[in-house]
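Same chain, two partners: chain A is paired with chain B first, then with chain C.
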Partner chain A sequence: MARFWSSGLGGLLARQGILVAFALFMIGFTLANHRFLDPDNIMGVVRSSAILGVMALGVTFVVISGNLDLSVGSMMSFSTIVVLDLHDRIGPALAIPAMFAMTLVLGAIIGFLVGYLKLNSLIVTLGMLSAIHGLTLTYSGGKNMDIADKEGTWFSVFGQGEILGFPVPILIFLALAAFLGIVLARTPFGRKVYAVGGNGVAATFSGIRRARVVFATYLISSACVATAGLLQASRSLGSQNTVGQGMELEVLAAVILGGASLLGGSGTIFKTVIGVLILGFIQNGLLLVGLQFYAQYVVTWIIIILAVWLDIAAKRGRLWSPIA
Partner chain B sequence: MSGQQAPVLRLEGIVKTFPGVRALDGVSFSVQPGEVHALMGENGAGKSTLMKVLGGIHQPDEGRILIDEKPVVMASPLDAKAKGIVFIHQELSLARELSVAENVFLGELPRKAFGLVDWKKLNDDCAAILEKLRVRFTPQTRVGDLSIANQQMVEIARALVHEAKAVIFDEPTASLTDAEKVVLFDVIADLKTHGVGIIYISHRMEEIFRITDRISVLRDGTYRGTLVTAETTEEEITQQMIGRKLDLTRNIRPVETGDVALEVRGLACGDLFQDISFKVHKGEVVGFYGLVGAGRTEIAETLFGLRTPTAGSIHLDGNEVTIESPVDAIRLGISLVPENRKEQGLVLSMNCRDNMTLPQVDDLTAGPFVSDGAEVAIFDQYRDRLDIKTPGWRQLAGNLSGGNQQKIVIGKWLSMKPEVLIVDEPTRGIDVGSKSEIHNLIRDLAAHGYAVIVISSEMPEVLHVSDRVIAMYSGRITKEFTAAEITEDKLIQAISGLNGSSGKDAA
Partner chain C sequence: MDNAKLKNRLKYGAIWGFIAFELIFFTVAGEYLSLSDKVFLDLDNMMLLFKQSAPIGIIALGMTIIMINGNIDLSVGATFALSAIVLLDSMTWPVFAGLGDWVIPVSWLLALLTGVVLGAVNGLIVWKTGVDAFIVTLGSMLGYRGLVFMYHGEQPTSHLNWTLVDFAEASFLGIHTPTWFLLAVAVAMWFLMTRTVHGRNAYAVGDNREAAVNAGIRVGPHILVNFMLIGFLAALSAVVFYSESGSVNPNDGELYELWAITAVVLGGTKLTGGSGSIVSTFGGVIAIQLLRKGLGHIGADTETVNLVIGVILIAVLFLDRQLNIKGREELKT
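Showing the complex of A and B:
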């Protein structure tokens, strides 16, 4: 088996395991349904992945710094409900910045608890998942939120508009990915995120203020969530309180599929974008081959676990190892 | 170890290649029952790979392993263990939250009815083994509460549970005090009398001469030969290992000191250390020597802002300063090369260049971005100055040998151009060649006007690099020596508390 991994095909798998698996799925889906590679279908997938993708960009920072963010799903519901509600009360021009400010406050709370108080991020963000859900329901009184005048508002441009034939959500996703990709790869702050996640102790010994870096990653994550909430609200102009429910796991799956390590210290924005697209195409492909919607959850997760396993197996050169 | 007996373990023509590297190129040697066989070589010579082959982690491409002259295949670490090959690793692999007895019998706890653990038998069996090792802790002690030395004893106890054919010690004394080493050597002597073959990997010559029977030397993955310890010399071994001679003479020079760079007055930190006063001049190397736990590292950590002092003051260039965090220390021109390079010094998943420039990445910018050119310039400069061997700056720090890793950490802090450089255990776990390079480097830094503090547990190192030596015992300075007046006897007395609390602790 060791020989296989050092051979040509194995070597390719070892380096690009996820991409190869992705290519295999694409071929499989195309054979099963010729509409899969249709430009309209592809555009549709990217478009529907944009909201998840925007959230995954922020979570990438959190994961690389060695933490988790499981609150992004319910935080996105919060942003969506708040901006829809404020739209009719104070108008979209004020509603958007107000919603961003409120969402950033939530991110700051998490960043403070995880960064400065050094609480475990799993516990904190799991707690915030519930707390924010409760906050959203309290805010809305449990009712769905709708914009009164759906035809007459420019607010819909973010979710439904097009520029030169490209849907605005895709453009926002790609622009944000480019911006955050540069921040992560090219700025001193990005370097510190990797250092803190790769070895927090060594980062401290190098004069990096760990708490501040962790705090900043949660701010970035919440800013991304607010953007996702904006896209969501603008697309549907009305929403349930649970619109983001469960997305925290899909977001995490996309980041991990892209190849970021849950232990921190590795991953890139580009890889996350790939991970988002893989997830989107798999879900779309399963739909096209006629799998029932709910069964998709099961299959999607089996595929994710298989992909991660393949990736780890390739890294350690065998499918199973008594030592990690 | 008579040559007539059949060897307990024999390696024949072991070859192991990794993509692009022939890590082992036909290595052969054998270990007799009751023999302590040293395996020596510079970092990167292939010792670790050879041990991984022996331990079933890597499979050899060519060659055979024989136990009691029968060829065997080590399919996995478990398989190697089952065949009687036991490893005592440099980095310990114990469950910190479990008791000593649970660790010793991990995976094979004695059972009674309904599969419940038979605690009495467990603790009794363990106590019997611990008695052989003459350790002071009990089977019920939580492993996390033990010192590193005692944790190592737990590892050895684990090895004694089974009939071991061969026990491999990998740098076992790296974190032991002199007293603890004596106990370890007694244990090894005891294993010898039971006919166990012992492979002893170490860079420390005094130990090699003290306890080994024969020495096999590796260089660049090739086997250079086996020497009989009683018939060889340090020079011969070194030459086999690196093909050149080493300068490990003592350093005595006329003391020419510049201005005082750092002065510490009455510094204390809770129970860790008290009443610490000393000065370091520009152009001077001050050695801190003492047992593990004497408070040396804690003083360094306090000077670097990682601990808050409870009393006393710190003065740089005559001005009192407050250091509350590493950020403050770095701004004031203090650098610390920490004791543990893998845990404190490096981000192993990051490349060499990024590790080196990490403390100053905020200042190496062009506009909002990190400047590639500025970073590479720093890396190139210190790679050349420190002679760091790496295929390029993109290499991950985790892939370098220990010596080169240490040089990256040193380069990282030198490039900060510090006023005061503190180096904690500069050569722990590093091969002789790199060791003397690092010693020369420290001397060279002092010659260029740096004020340097060297903390070390190795007496030859302290004697070699220091202009003055401060001896510590149990959180206090017991004595301060100039290089000219120091002797090994006096130093040992000063660090073992033999002359009470006298000496220089009035300040």
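Showing the complex of A and C:
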């Protein structure tokens, strides 16, 4: 068994396991149901993954820098509710920047606590999850939020519009992915994010300001969350105040599925996009195969564990853990 | 008293100071703000508070040993829901139709067994694959919740057994049945952590896993046992709660893991493992429930409780760090 993992095939499977799994899934679902590869179907899957995907892009930065963000779900509820509320009060043109500013403030608070005060990110974002949830409920008075004039607003263009036949949410998701992918892979800032997550002490000694980089990753994450909130609000033009509840874990699942290590220092935007798509296609494929909707959770569970397991099995060169 | 001991006293004692502060604050503020004429520090009110803390409390006590181990369990809420469904559904199974009220202990056993099995699955994966407990239980949180939904779809599972309801609503010596369970679990866990080899090993594994291995502790089975324990406690929590309510929604237990972790952290247990105390977790559980009740008492929106808990959690983390930095500086001089 040990030889298998150090051999070429095992190595390939472990390094690019997620792509191999993705390919196998696509082939399997296509064989099971020919409608799976239908362009309309594929477009539908990508479109419904876009909101989760946009959030996952930001969380990728946070995870690579060695931290966690469990607050994105409740923060997304916040942005959605705020932008819907402000839409009727000050008009969409002002509501959108105002909502972005408010969400960025939340991100800055987390960035300050984790970056400059060096508090544990799991607990800080857990606290913020609860606090922002409370903030949203207080802001909305516990009620659902709806836009008064749903027909007469151009606000719906972000969630429902199309350009040259492509749904706008997909375009926003892909454009943001391309932009952030370049930032992460091709700029000094991106290298600093990897350095801080890979070895914080070494990064500090080589003159990188850890606090500033961590602060920036949370700003990026909250900007992505604000974008996701905009897409959500624009798609439905009305929302419950718990719309993002539980999404933090799905987002994290997508990022981990993409191969980012929770210890920091590894992961890419491209792989996160793959992780997001895998989640989306599995959900869709299982439905087409005729399994009930909730079976996807069980399958996602198994896939996450297998993906991470194979990853670390390849790194330590043996399948089973050496713990006695 | 030497420095380290004082620091520990401060750390684990702080939660009781906080509880005292809450009691005084809500009593005084209640005089001026409360809409009802009821006194906050009323015996009935406090007894109710203990009863309401039981479901989260029982889970939080189990979470303490997991976190002392340096692990975490995010799947307790889903385990709670699945055990509850097994509890209520198994009472209607035709197999047990002839048992009469003897179906109750059988269903309890089945529900508890469900919890232990789900915990064992987590523990085995953590042990055998070496994947971090955070990821393993993040996955099973989704997976177990999926199983919950696959059981009955989005329909609630309901079954009322009046003998059971009478038992769950009863009180003995003026203390409600759920409170007895909470107290019993607290005493048992306290005994386990302070008076047994397993408890001592838990601290050793969390403090330094390498050293624990070298000292001859079988870390894998130890972790497995702890995950089975928290699975058991999550199921017990469900048994205690749903014996009374008799109906479980597939969303029940969501965010329980966050409340439990919050209680444990408020009690001063470290995420990195190696330190923590059952008694302080008990304090953390009471503090959270006091806050919920107190905010309601002074007429604040119930929604504010989330905001306040979040802020307090971060403040505790900050204070704890300041305290530790100060302690280290004192050691240097």
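Everything below uses one rule, namely that the second predicted complex is superposed on the first by the 311 of 324 C-alpha atoms of A that agree within 3 Å, B and C clash if a C-alpha of one lies under 4 Å from a C-alpha of the other, contacts with A are read in each partner's own complex, and residues count from 1 in each chain.
Keep this in mind: a residue touches a chain if its C-beta (ideal position, glycine included) is under 8 Å from a C-beta of that chain, and two chains touch if they have at least 3 such contacts.
In this text the structure is predicted, and so the values were computed from the model without any measurement.
Enquirer: Who does A:H133 touch here: chain B (first), chain C (second), both, or neither?
Expert: second
Enquirer: Kindly classify A:K192 by the partners it touches after superposition: chain B alone (first), chain C alone (second), both, or neither?
Expert: first
Enquirer: Figure out whether A:A178 sits in contact with chain B (first) or chain C (second), or with both, or with neither.
Expert: Neither partner.
Enquirer: Which partner, chain B or chain C, is in contact with more residues of chain A?
Expert: Ranking chain B and chain C by residues of chain A touched puts C first.
Enquirer: Look at A:I27 in the shared chain and tell me whether it touches chain B only, chain C only, both, or neither; answer first, second, both or neither.
Expert: Neither partner.
Enquirer: With both complexes superposed on chain A, which partner does A:A202 reach: first (chain B), second (chain C), both or neither?
Expert: first
Enquirer: Which holds for A:I90: it touches chain B only (first), chain C only (second), both, or neither?
Expert: Touch status of A:I90: no partner.
Enquirer: State which residues of chain A lie in both footprints, the one left by chain B and the one left by chain C.
Expert: Correct list for chain A: 322-323.
Enquirer: Which residues of chain B touch chain A in the complex?
Expert: The touching residues are 19, 57, 59, 76-78, 304, 306, 325-327, 329-330, 336, 338, 343-350, 354, 358-359, 361-362, 364-365, 368-370, 412.
Enquirer: Can you list the chain A residues touching chain C in their complex?
Expert: 113, 117-120, 122-124, 126-135, 137-138, 142, 245-246, 249-250, 252-253, 256, 262, 292-298, 300-302, 304-305, 308-309, 312-313, 316, 320-324
Enquirer: Please name which positions on chain A make contact with chain B in the complex.
Expert: Touch list, chain A to chain B: 2, 6, 182, 186-188, 191-192, 194-195, 198-199, 201-209, 265-266, 322-323.
Enquirer: Spell out the residues on chain C that touch chain A in their complex, using ranges where they run on.
Expert: 74, 125, 127-132, 134-136, 138-147, 149-150, 153, 213, 218-220, 223, 254, 258, 261-262, 265, 271, 301, 303-314, 317-318, 321
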